[in-house]
């Protein structure tokens, strides 16, 4: 049971993020929701890498040779890097949106100007 | 002999028929030629730039150019009017709100879960 | 965004070199310890962002221009892709080939497995880490700088 | 000479992605020297890439699957673990690469004049080359996680390009919507990749396809992959981002966006046909005496999505008054046709009672061919129409159809290109759209007559949509405010001309294309064991 807690947390994080994206009106909160979904997925990948009594995958020469899987760690890192880029892009676009529409309410933006 | 003609004609067989664009072009060329010949039987008295070419609006004056052009939103007015009940729903669907877009995604994902996961 | 008080400025200028060195250490030891180009670059970029917050975006924009950063960023990316292309030319001719390991051209990078904490191991990996680090430092700092500058403009109106 | 060609051919899968990437990072440095040089540089980079695509494609169609491993020589480590990143190119990948390269060439040439009046063109060319690199990466990769990375690269670059005209609030808004949608979709795809990795300890598509079983977690992964990729491909009712993004981006960007959308569609096909290909004939449910197999289930799902997509896309297009938004909705409808064909093909998959292998019925084969042919036709037709819309915007600075009129008198070439695109999209002979739609109608009629009736009806409505555009933009009296409108510059005509020539060529010689390109692709899609054999 205790090993399932991370997976429950993953599903919880994804659901919280989705709820934030769907029900919140502020653009910044929508972005926060996406970031929460992303942390949920990252947590899932990290959890996959875990082995009991394992160490970080660094070559020591001596000691315990049981290491956690390095591949999901690499995946998580890549996904974090991509997440940073997406986050920066979204925030930049929000700055522009605020300049044009003078609001961050998701219902009030996006109409055609004509 | 028939086989050779067959293979030239049936460039694209679809199971129940065939399609050859070259034959089609040949046919359309003949039809165009016929049309041109028919056009030659027409009245020779047509002159450009006289009152013959003026639009006939039941005797009224012709409007200016901008007003004469039918606007895009007026085209297919009847069709759009008939299906207004349908378009009302479509408009309700296309809110232009990004939260709704994600909501549709989640709904579809849920439906697919029900269909694929449960069955 | 205007600069903050004198205390903040002093502390920031003391902490800046320390965090800078720590970030560069993480970049340089990317192939030996956890971390690497992106992580170290993010540390250095956040050190720069700290300076930005303390001294204000106008002052920082006077010191360093965004277009210089974008050139640095291009150079970092070019270094990474260029190293990958060098793999095509040397050795067994594979894209992303680690051409500096087990060869006789530049033996300094040849020492894989000899000393565990030796920085000259692992062939092209440290070089790629440097390239990625350069790109991340320039890229992240440019993003933060431009955003701070942009919000300054909208507040001024 | 042939030695160099052989080396290039050997490395072509990697170089097709790496050359635009290198070009993308060199562009800002070259842009510091000279603007014209930078434009020429971008075009040259795309031409080199297309040449590499040509080499790769001609080899794949004659010699079969080509696998390229990064950083090593064998895909397997210790004969068991497939940890290395690899590109695996079979007929389907090669076919998508052809589409991507045609769109990339036309888009880059077109943007020379089209974007001349904008500032920040260094970044524009960097982003467009990044987007092309990401698109090729998505198409060519044989690794699930790599697919996700390239998906994100493409969506980040294209989002920045959609919002390129930051002085228009609607463009920025469309970019924001696109990035929200695509990042959420991509995160769910990543989640599915994690699920698959946790079970089969591999990220390689072929290895996963080899060892996949159809348990509960695989079902979840299938749902997540299909719904995430379907959203990126713009399938109703997850299409709403598409008219915004297509309609508000610069036209040259829209052209390449079509390519990325179809790369996502390629992802759907790869997931269904290759990764889950082993279990397509698996009976999942018994109702009475008949077994409902997975292929029938997925086929019915795809067909119902397709009908929704066609109907809503076309009906909404009829109502729009904005030129580009109208074409965007028509593009949604066109995606439905491909999906309809693939759905019809999947329903006809069954197990051969004698050999036990999976076979495709004859009408399924025709449907598969029609669907594949329609992918390239849709990209060309809709792309040409978007370029025409861009040309009209360039000449008149209007995109609302209510304000346009009488342009045929001033812009002859553009009008001709529009007529070609109109006939092709509506499926009028002798354009290419007719051939693929004919195949689709024929095959879906054998699945269920109602499907093909709806398809034909919507095709007629599509013609009506574009007749409306033709009437209100090109016909009518010469409006006084457009007195001084001139024909667009040469590079834009060249960009449109390339696509128009290909459309006419495909229309006049469909058998050439069908025999030499579509047939191997149809066989490659269906043959999942060959795809697995490319790695293991």
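Letters A, B, C and D name the chains as they come in the text, with residue numbers starting at 1 for each one.
Operating definition for what follows: a contact is a pair of C-beta atoms (placed from the backbone, for glycine too) under 8 Å apart; a residue touches a chain by one contact, two chains touch by 3 or more.
These figures come from a predicted structure and were not determined experimentally.
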| item | value |
| --- | --- |
| Furthest chain, CA centroid comparison against chain B | C |
| Result of counting contacting C-beta pairs for B-D and A-C, higher pair | B-D |
| Euclidean distance of C-alpha centroids - chain B vs chain D, Å | 24 |
| Between chain D and chain A, distance of the C-alpha-averaged centres to the nearest whole Å | 28 |
| Rounded Å distance, chain C centre to chain D centre (Cα mean) | 36 |
| Sites on chain D at which at least two other chains make contact | 176-177, 180, 184, 244, 400 |
| Contacts with 2+ other chains: residues of chain A | 21, 30, 110-111 |
| Set of chain B residues in contact with two or more other chains | 96, 98, 102 |
| Every chain pair meeting the contact rule | A-B, A-C, A-D, B-D, C-D |
| Of chain A, residues touching chain D in the complex | 14, 21, 27, 30, 34, 37-38, 41, 44-45, 48, 71-72, 75, 78-79, 82, 85-86, 89-90, 93-94, 96-97, 100-101, 109-114 |
| Footprint of chain B on chain A - complex, ascending | 18, 21-25, 30, 106-107, 110-111 |
| Residues of chain B defined as touching chain D within the complex | 11-12, 14-17, 19, 21-22, 24-25, 65-66, 68-73, 75-76, 79-80, 83, 86-87, 90, 93-94, 96, 98, 100-102, 104-105, 107-109, 112-113, 115-117, 119 |
| In the complex, chain D residues that touch chain A | 83, 145, 148-149, 152, 156, 159-160, 163, 166, 168-170, 172-177, 179-180, 183-184, 187, 190-191, 194, 197-198, 203, 244, 322, 400 |
| Touching residues (chain side chain B, partner chain A) in the complex | 96-99, 102-103, 106 |
